[in-house]
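Two complexes follow with chain A in common, the first pairing it with chain B and the second with chain C.
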Partner chain A sequence: MAKQMAFYFNASTCTGCKACQVACQDRNNLPVDVRWRRVYQYGGGSWTPHPNLLIANNIYVYSLSVACMHCENALCADVCPTAAITKRSDGVVLLDSTKCIGCRYCEWACPYGAPQFDEAAGVMTKCDFCQDLQAKGENPACVDACVMRCLDYGDLEELRAKYGDLSSIEPLPKASITHPALVLTPHKHAQPTGAGNGKLINLPEEV
Partner chain B sequence: MEHRNIDLFVMWGWNPIYSSGGNPTYKALANKGRAKYIFIDPYYNDSAMVLADEWIPIRPTTDIPMVLAMAYTLITEDDPVTNPLIDWDFLNRCTVGFDAEHMPEGADPKDNFKDYVLGITDGLPKTPEWASQICGVSAQRIRSLAVQIGSTQNVALCQANAVARQRKSDNWPQLFMTLGAMTGHIGKKGSMTSGGYYHTRSSDGGPALVNAGSSGVPSIKNPLASMRMNDNEMWEGILSGKYTAGYQDVRDVNIQMIYHGGGAVLQSRDGMTKGIAAHRKVEFVVSQSQHLTTNSKYADIVLPVTTQWERYGTFLTGNREILIWGQQVTEPLFEAKDDIWVAKEIGTRLGLDPNEIEPVSLKQQVYNQLAGAEVMKDDAPNSGGSFEPLLTITAEDIAEMGVEGEPQTGRISLKEFREKGIYQVPRKPGDNFEYIAYKAFREDPEANPLETATGKFEIYSQALADAIKAFGWNETTPIPTYAPYDEGYEATFSDWPNQVKGEYPLQLFTIHYGRRSHTVFDNIPALRRAFPQEFMMNPIDAEARGIKHGDYVLITSRHGKTIRPVAVSERIIPGLVNLWHGAWVQMDEEKGIDLAGADNIINGAVPTGQGTSGWNTCNVQVEKWTGEPLAPDYKWPQRIPIKEA
Partner chain C sequence: MSVREWALITFTILAQMSVGSFVILGILHFLAARKSSVEAADRLSDRALLAIGPVLILGMLASFAHLGNPLNAPRAVVNLGASWLSREIFFGVLFAILGGVFALMQWRKIATFQLRQVIAWIAALVGLVLVYSMAMVYMLETQPVWNTFATPVIFFSATILLGALAVGAALVANYAYVMRKDPSCAEAQCILLRDAVRWISIVSIVVMGVELVVIPLHLAYLANSAVPEAVTSAGLMFGQFGAVFALRLALVFIGAGLFALFLYRLALSPGQEKTLGNVVYGAFALVLVAEVMGRFLFYVTQVQVGL
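Entry: the complex of A and B
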């Protein structure tokens, strides 16, 4: 059994197609505003105005697919007043919606946007690493949906040995806050967290 | 496979992430670190995000000047001994029209391509400096790109359809071919010049290695085949009662009924404002569809028809190496009926014989296609192998399916194909399925002529000029020359020489979007939530109008209006805005404004050339929307006509 279940994400080949986001919603029958996986685009650069020429300066963009980080230091579990959020022995962080009173503290505490409020039900929900699929020996829905094979998962130490130990780039927060169980391969233009020169380019109403 | 031999990929208007089946982007990753990818595009698209080593921003509708200037560079800087950039051997043996010495019979030698480029013909040398004013690429980069393509051994020159989906762009494909011919990147290993590098072709070009057989259904001759209205004239034809049948040949037409047998013509053809008016003018509109699409929304009667999942079976592919057998997964839902059943029911009532409408049952058709499915053997080079049956079919299989047929032997069993649903031809490097187009032609053009009047690539093509003239809208030259496109870049100026912008100062293009496949799936809330149908503007243009990221704007063209939230983005060039193609129209009848961002409300229907739809030639103005706020479209009520009881 894994000591800490983790996701791996390859930002260098993610195309921003959002198949992972939609596959997760579909598989878990989520309401349209509840997104256990979310895809962001971050970019920068500038244009020099000119009467004729198109002068682009270092235009770049990359996509990031983010779910629950099943953090080693799960702040969501810490702040939950009803102990609805627990961390399992394999590191998966589980949210039991039946114990949730909808106070939304976990939503405030999580720097990744993982806990998602289901307005109709009045409770919080989040990624559970597709527990039922894994129990059958199958992959999480997002991993199978990715057309570019950007997503992988497994024990955190094994993923680190295979892919390195990068766990944050812009627009993700510093890893030192919650120690996310995440390994990243950066996009070639990836900006270091806290020192980026770009911005989130999703439409505000989408985020 | 051949991709692995290419060192430089020049991708002109290519975005396979959004518009190519078969996942060519994933395949292209095999070249990462080895081959260079240059993307020439008005937008830093998502495919560039993953693959591009360099992005050359260019204005839409200005591709011809840029390539003419590249030809100028090649001609003026080429030296066969000290600086060979031009493949004179290929030009001389395999093309006509490049210079006065190689013109086709009957052509005036003065009308050659080289003299036009050098300015000998019209006094205007097509220099990089000249082109730069129009296309926005620096003269220096135009020059160095031409030299790069001319001096690199193994180059792929690939253009996608967007570059030709522009009014009066008929000479563009011919010019792109000319560039490939000049630099010799045709018909030899490690190079290619692509005529349309899109959809399933952009994985791997060449003859199909596996095919379904014939269904056994004879084709039905169209009794009205002689009377054809172009997509860009059909709405006007209905409204005005006139259409262009050919050169100086305008005829009367009286259309009283529209029948949509399928498709999405009202949504996806230019000039939707006129299209809706046309649907209201005729006496009767019938539409067959699975959802309340735009065709059906404006119909009097909607007949719900089945999807492929509700039918016995069908065949498709994603690239030339695979055959997919799609099989029925459910009985028809609700009252949906098969299109052929609909045709038989209507036909019978019109006195037609239903057995002529459906001479072969669908199940038998599928069987015929299985029995006739064939796969290429690895027994002749350059994908020239002979075919053998794909499937072994036993008498038990035939009896089980309840069809007519004879047992046969093939490569795999019917059972295996049914279970897997897909067959993929095994490949290995160096196999006989690697393919070089025009290889035999290049080696011996006399023995292997092309299907052109001269048997060669026609840089001077009388056939092309004649074809365009015969359509009746405009004329062009037999060699690729430049004239500003209708509603192109120059049309954004009221005074081009003095560079004064006009009433519609921005160019608009309407490219594919991740939410949809053209117009399919636009009505799904989860996809709307993921892809908000945002309108894209460059920061320079947005700031000039006091528009911020997330604001709602009104977009106006000569043909219609629409409202959208804005994504202010550096990814799009200044002077250009993007309205993603395919959003289902949602007219506010009172205001006469579309709320959904339907591209063809903004795009006008103007036929040119060979009847091309100019979806990427449009000029617009944009201003902040100050009217009633609009909710994001994923919150709109779904277009479901029948509510639950």
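Entry: the complex of A and C
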């Protein structure tokens, strides 16, 4: 099988601190509202009355750090009219902003919010897996910034062998749409994709 | 809604209206030529043909308003192999060129009638492929409100409905002009005009019927979908934008249904051309407003799957 670079994320240890998000924006010099990596907080549950008992709650919340999934079926690359988005031989999905017309069609196709519009430049931008750092043998900025060591990266098959093959929980879309190059360790309260019993509780300026 | 969405509403409506006008006008010309003569048919439709170009150009200019970086626009046809957006732009430009060439040849009577006919048929076919491409642009798995059979149906029904009534309005205006310029051919033109208007009203009523079936079915389909985003879209259509949705259906029913029925009756006998003209203008205006509202709803009810 061809090489496919992928991210690993451990939702069971993430504290939602957003160090990865900030490191990404810092490293890539992104404007405040252009976020190649975002940390989502997903929460739900309620108070449930038990007969003859106290009223208990099953309230939960967990965090999910999301960047470009460098999908095996990269819809963004398919739909881009200028072919500004390409999938490299190692599976990394790259966007050449100098070719972009800023039509934002990739934004409609991507279910992960990976292509981000740079309002000032009028073009789309996205995570390039810190290819310059990787070329020097260093880790992507987000991976090194994580204080809880929740993030890892490498070849998809190797990550799956190491961490399992889960690639979607709420609020991520079902994996069959784009086949994301992602391996997840779920949080203990993780809801399966499509369960729909929780919601995003981020403030608008966070994501 | 931002400038970006209004740019897309303007572009899709005007491009579809110009394709529809081109196709409908071609058919009307064919029927008129068979009934009387090619010259009489030309006199009926040539001026209307010239009005299509500016409509298409205006629509294409509007589409630039949704680009963040229009300087790269020539690159937009690079990904024809995979991107429906590339195909849409390609067929849009091809339709504009072929339609423009045909309009010029027809206006100046360049080359033979047969050759002009061949170019017109190719242009019409390319125009229909353009509308199909426009619909396919929206058939994304991540956009459940668009990713249904209703999208191509709504795009094609808008194409035919707007095309038919725009042509009706143009023919009526042309008739008034011909009457003033050259009253000698007025009687022959009057017969052709009334035939055309009858034909247009039948097409309008049929397509209006299709819309009134497909649009509520689409809403029902979304509301009962297993995809939560589809249900949210249905909720927007029914709730927050319910008034627009109802008004849109009502206007298309009045414009393409009641007005068209009235038109059909008016066009049966001569002597009522003035009323006929006003009703055609009214029907076109109502349907244009209805379709713009429909397209507004199309974009405003978008709810994306995922993050």
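We take it that the second predicted complex is superposed on the first by the 190 of 207 C-alpha atoms of A that agree within 3 Å, B and C clash if a C-alpha of one lies under 4 Å from a C-alpha of the other, contacts with A are read in each partner's own complex, and residues count from 1 in each chain.
By our rule, a contact is a pair of C-beta atoms (placed from the backbone, for glycine too) under 8 Å apart; a residue touches a chain by one contact, two chains touch by 3 or more.
Note that the structure is a prediction, hence the values are computed from the model and not measured.
Look at A:46: by the touch rule set out above, it reaches chain B but stays clear of chain C.
By the document's definition of touching, neither partner reaches A:192: not chain B, not chain C. In the superposition on chain A, contact is made by A:104 with chain C only, not with chain B. In the overlay built on the shared chain, the residue A:164 is in contact with neither chain B nor chain C.
Listed in rising order, the residues of chain A touching chain C in the complex are 38, 40, 66, 75, 77-84, 98-105, 108-113, 117, 119, 121-124, 171-173, 177, 194, 196, 207. Those residues of chain A whose C-beta lies close enough to touch chain B in the complex are 12-18, 21-22, 25-26, 32-33, 35, 39, 43-47, 49, 51-54, 56, 59, 61-63, 147-149, 187, 201, 203-206. Residues 17, 23, 25-26, 29, 44, 46-47, 49-50, 55, 57-59, 132-133, 136-138, 499, 514, 525-532, 534, 538-540, 549-550, 565, 567, 569-571, 573-574, 632, 634 of chain B are the ones touching chain A in the complex. Considering their complex, residues 4, 66-70, 72-73, 75-79, 82-86, 89, 137, 140-143, 228, 304-307 of chain C touch chain A.
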